[in-house]
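You will see chain A twice below: alongside chain B first, and alongside chain C after that.
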Partner chain A sequence: MEIRPILSAMWRNRTGSVLVAVQIALTLAIVVNCMFMAKSRIEFIARPSGMDIENIITAQSLGFGSDYRHDETIDADLRALRALPGVIAVTPASGIPMSGSGSATGYKTSMDEDAPRETANYYRFDEHAEQALGVKIIEGRGFTELEVRRADDENYDRMPPQVIITKAYAERLFGDEPALGQLIYDGLNESAEVVGIIEHQYGAWVHWSSFDNVMWFPQRQEGPSIRYIIRAEPGQRDALIPVVEQTMQELNSSSRLVRNVRTMEETVATSYEGDFAIASTLIVAIILLFVITGLGIVGLASFTVRQRTKQIGTRRAIGARKRDIIRYFLTENWLMTTIGIVIGTVLTISLNYALATAFEIERLNYVYLVIGMGMLWLLGFVAVAEPARRASNVSPAVATRTV
Partner chain B sequence: MFLYNLRLARLSLMKQPLLTGLMVLAIGVGVGACMTILTFVYSLTSDPIPEKSDQLFAVRLDSWGPDEPYDDRRPDEAPWQLTHADAMALLESPVPTRHAAMRKAVFTAVPENRDVAPFLTLSRMTGGAFFDMFNVPFLFGGTWDEDADRNAENVVVLSKETNDSLFGGENSVGREARFGDDVFRVVGVIDEWQPIVLYYDVNNGPNNDVEDVFMPYTIGDRREIDMSGNVNCWKDEQIDTYFDLMQSECVVTQFWAELENEAQVAEYQSWLDRYTEGQKALGRFERPTNNRLSTVTEYMKIREVAADEILVVMSIGVLFLAACMFNTIGIILARFIAKAPVIGLRRALGASKAAIFRQHLVEVGVVGLAGGILGLLLSMLGLAGVRAMLSDGDRAAHLNLELVLIAIVIAVSSAIIAGLYPTWRICQLAPAGYLKTQ
Partner chain C sequence: MLEMNDISRVYRTDLVETHALRGLSLSVEAGEFVAVTGPSGSGKTTFLNIAGLLETATSGSYMLDGKDVSKLSDNERSRIRNEKIGFIFQSFNLIPDLNIFDNVDVPLRYRGFNGNERRERIERALEQVGLASRMRHLPSQLSGGQQQRAAIARALAGDPAFLLADEPTGNLDSLMARQVMDLLEQINQNGTTIVMVTHDPELARRAHRNVQLLDGKIATSNPFTPQADVADIAEPAMQPVA
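The block that comes next holds the complex of A and B.
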């Protein structure tokens, strides 16, 4: 295959070739960076939570007025909710994990005032928490019924003597030492013993770097607000939502509001919606850009073919085969694409560098650059195929006709 | 002449409808993508109260603990909120024209009509000056007076929606409304009012709705209320009750002041500095003095209302438009060069370079306009998509007249910029060479 005539044809129309190459370069830079960022978001959203989110319903009860009795209301709610068919377990909760709202505070491993503190997102649950959340306690045990403090307990404001923590938090607090049976201290040096270790569970804030620093206290949240985490048997969740709401309404609707009876899936999706929106936007941008660039190549190639009808006819008349004509256009396009990809590689890396410097974005994984190059080569090939085929069908007679 | 050029443009564009369509599509998609993102960024960064945004100041004092800054990432910033005690002290300052402390709380509204179920309301606990400071429009009545603030009276201003639920939309001024066990006197009802960015409280979420009811901040000084919103603490204190929290070093309250000129700002700044110096003598404010006054737009920037992610997507959007433009330039150039013989003929018959230039500029302008209109339609589609994905994207994802004009300007000017080089190129062609081949 003789490259020289192609190069000389491209040189004669160098501006046009450069424009195509620049467009391909920009496409590569944008597509690769978008792909990489979209992938990071999707992986971020898909992180395993440790909980049985698909089967969990959450609900809130908010008391008001002087007739409201917090503990009695919770007792009645729990009795009724636990008796519902299709319910595996229920725990009263101070908050809903992965909801974006919760409480956190720092704890340390010794009485020493200057001991380093590690922040944990804490929850108040009862002895059914392990079942209700569907998490796994891998060392020690869950809470017992007697350990759980009611909101009217006289010692409610003291730190409870037992806590359960996640493995991740245990490792951040105690390093390699076993955490089970150890004491942890709050800022006022009240202490609690670690009685159980959870394999993995996420806390309240999906964007927090210590998202898996979670601690449970055997306590009921004080009034007037209480939440319930209700785990349904597989397949029962959606049917249970109206039943849960009605059950709670019937028990007490004169001194409390029943709110936000909904799936945990919905809550989690809301927490991730910004990430989801950005990932979707990036993916739409990738698709659109591919379509535009592909159509651009088709348009330009078709146009060139029409412009060069006479030359093609002449070439055919002096002995070029159809195959040669097709190969000519494919090679020409391949050359332009390749020049574009070379410029694009530099552009991709610079764009990623600029974004990473300005906005704290991860450095590019070069696998995505290779994927992007492959995709663009393929796109160029597919886009030029039809115009090239049409060129090959130009009859040699054309050369004589228009003279 | 312009009309003649338009007719030429039409003829030329109709000759290759597919290529023309492709150019319009490329510009349309580029502008559509860019406008979708720009709309979002614009909503989140534009000045929400331009008539006085430089007179409203978010007030912050650095009361945080000595060991580490409030925000590790930005150690120079003071905490976003004040302690309750500091807020009450600042309310005594004679310097600002107006000022208001504020926090959020939850109340259960109990309608007189027993058939209407009680419902949850979010309350902004603030000062009577709030409404004048932020230019809140009233439907009925008005704000409460200073005595109500001083004596922590049970008075309430309702949102239009809450007034509809409680009083069926009637003028309820002077009537009584029950919240939990307490009876409040209605003094005003505000009209529909919803800034795109809830700029007076970006702490609790800049996309939140305006509250359902407004009550005197001082009520929370007198009795326990169900707080909603952020509480941040640094000190190891025994905090068991609500009142422990109110007297603690925890920051719970936001504070705004209205200062009309630089002299007043300077005077207030030194008043604040004197206040914190006095507190230092009592063993508080152990960090270096760092009392901050930030205007509305400054504070929105400090609090990063337009998150990094959105700015990243915006830079991608601009590059996206650029890629679409290179696509268009390529097509325009190819088309114009193919037209060289015709242009040569026109030049030979006496058309000046300038006339040729104008003619082709009109042609690309028409393409730009068509692309701009397509881009607008696409950005509406894009914004509908964004609204579907974001529960609170509703307000930010709307086009307004200004943005529509910006879209058209972007489309036409980028098409003209894209057309400039090809147009210039064909004007440079020597007519003679092309005449020979005819």
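The block that comes next holds the complex of A and C.
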């Protein structure tokens, strides 16, 4: 409607508007890039793990002294833990996936010395691993009880004849060829047959690029430390934690320590602590920037309204309705916001380009730019609403009463 | 045209009640040129504000153009101000950020006229006040007299039935004041009713009728033969409250 005169009035009082428009532009550039980075972090944290993390409890048993009997302790623990009501499955484990600590080594697909090796994060589990982790074996089978080697097995140090690997690892090793039934070789050219393929499972290190290169051996971890992965029925986990601890304590507290009985969720959260901190910092920064920019708009609008009291009264006197006054300030603010957004769009894209080049960050998804624009328009509208309402309440009598 | 009956206006603040108008009755015929005089604080501006629907009376009745305007909604009052009334202020009240053309345009936009009609009216009004060549100037680039003429153009552009002026020459030197007065007379001769508040007895004398306010009431209402200068009598130390 009256865009041209509003623009020319703005132009004649540009200092404040230009400053706030620049503020809006910077806010857009920073907010959109922060939003995008926060989203990347959150997506990273939210990647599916393949496991039933919510219902898993992990525990550690650490033997000591000459009386400690590793395999017997494990036998007793497993029997007792599996008998607990609310427990779905338990496997002894050499480590806890996604905990940040684990073991890895390279394997080949042929005896050839020069054959390329692909590193896998390997675990020693028993035949209950599939159930205990809540993963899905999509090809082949799980281990059998007989395949699982005890820690006192005379062949403990040799590569077990069966392995189960993740689909991701299978593809990295064998490409398009079917992996089931194939042999893989370790550095000493000892081999094992792939008897099962896991749909998806995280390894120990969430930041590792091959985080889903995982391999299982049918073995018990040798002593004196052993971990247990205990999967509870939904809703039973928290109640089970003290029961697990107490059960283990009662079985043997003279030659081993029971430690770290906790939820797998805690372990995973610790691994993602840094990512979570980055995402939260970014979100806080976004909120703060919005608040500051909103206050800037409110401040400028309030100042303008106060400064133009007489002009507003005069406009009212010569025929403006309240809604005309409101519309004037909304339009003026919308123009300023839009100018800021236009400049901000250029800044956003340049900033992302610079960041993407310097830090190998993903290129911006423009949906975030559109969201940022929408949020700033909305912010501008919300911020100017109250000053505009105040302006509309200026009495027309002000026209004759002020000098 | 304008008929006020027993109008009172009381301003209440926390501390005091000011009776700005006390039972004022006045009627102005179409085509009249009425000058309102009176000492400072006597209620002239209050009267003009009520007449121009800028504020409402505390009591009394007010008929404008045969219509009771005392109970209209805020929007309706805005519309009447826009269509029927032209305002001229002591300090011109031009919008400093808009050039003269855009200033005259302001009420026409509220009126909803289209671009062509507005342009025609603006040019005609500015021609009438002799400022056609100054359309693109900012108010600050004009003299006081020119600014007041621009304000008159703004008041005239919508063809109001009547013009209300509060001390229109109060901020002008006597030469400029006379030019503005000439212009008002000419406008009145073209048929616009004018009610003008003034301090200047010489200007007041040029109106058809003088109304003298004193203490919120009409002291004298005297066609063609104005009284001695009540305005020059010692002014009470009262300031209008913003």
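Keep this in mind: the second predicted complex is superposed on the first by the 402 of 403 C-alpha atoms of A that agree within 3 Å, B and C clash if a C-alpha of one lies under 4 Å from a C-alpha of the other, contacts with A are read in each partner's own complex, and residues count from 1 in each chain.
Keep in mind that, in the parts below, a residue touches a chain if its C-beta (ideal position, glycine included) is under 8 Å from a C-beta of that chain, and two chains touch if they have at least 3 such contacts.
Just so you know, these numbers come straight off a predicted model, no measurement behind them.
Undergrad: Which partner does A:395 reach: the first (chain B), the second (chain C), both, or neither?
TA: Only chain C is touched by A:395; chain B is not.
Undergrad: Looking at the overlay, what does A:311 touch: chain B (first), chain C (second), both, or neither?
TA: Once the two structures are laid over each other on A, A:311 reaches chain C alone.
Undergrad: Can A:355 be said to touch chain B (first), chain C (second), both, or neither?
TA: It touches chain B, and chain C stays clear.
Undergrad: Name the chain, either chain B or chain C, that contacts more residues of chain A.
TA: B
Undergrad: Once the shared chain is lined up, is A:34 touching chain B (first), chain C (second), both, or neither of them?
TA: After superposing on A, A:34 lies in contact with chain B but is clear of chain C.
Undergrad: Per the contact definition in the header, classify A:321: touching chain B only (first), chain C only (second), both, or neither.
TA: second
Undergrad: Is A:9 contacted by the first partner chain B, the second partner chain C, both or neither?
TA: second
Undergrad: Residue overlap on chain A between the chain B contact set and the chain C contact set?
TA: In chain A, residues 13 are touched by chain B and also by chain C.
Undergrad: Can you list the chain A residues touching chain B in their complex?
TA: Chain A reaches chain B through residues 13, 15-16, 19-20, 22-23, 26-27, 29-30, 33-34, 37, 62, 64-66, 157, 186-188, 224-225, 253, 257, 259, 270, 273-274, 276-278, 280-282, 284-285, 288-289, 291-293, 295-296, 299-300, 302-304, 307, 351, 355, 358-361.
Undergrad: Quick one: in the complex, what on chain A touches chain C?
TA: Interface residues on the chain A side: 1-2, 5, 8-9, 12-13, 310-311, 314-322, 324, 395-403.
Undergrad: Report the residues of chain B in contact with chain A in the complex, numbered from low to high.
TA: Those residues of chain B that touch chain A are 16, 18-19, 22, 25-26, 29-30, 33, 37, 106-108, 110, 117-120, 180-181, 226, 236-238, 240, 307-309, 311-313, 315-317, 319-320, 322-324, 326-327, 329-331, 333-335, 337-338, 382, 385-386, 389-391, 393, 421, 425.
Undergrad: Give the list of chain C residues in touch with chain A in this complex.
TA: 45, 48-49, 52-55, 74-75, 78-79, 81-83, 87, 89-91, 93, 95-99, 102, 105-107, 109-111, 138, 154-155, 158, 166, 240-242
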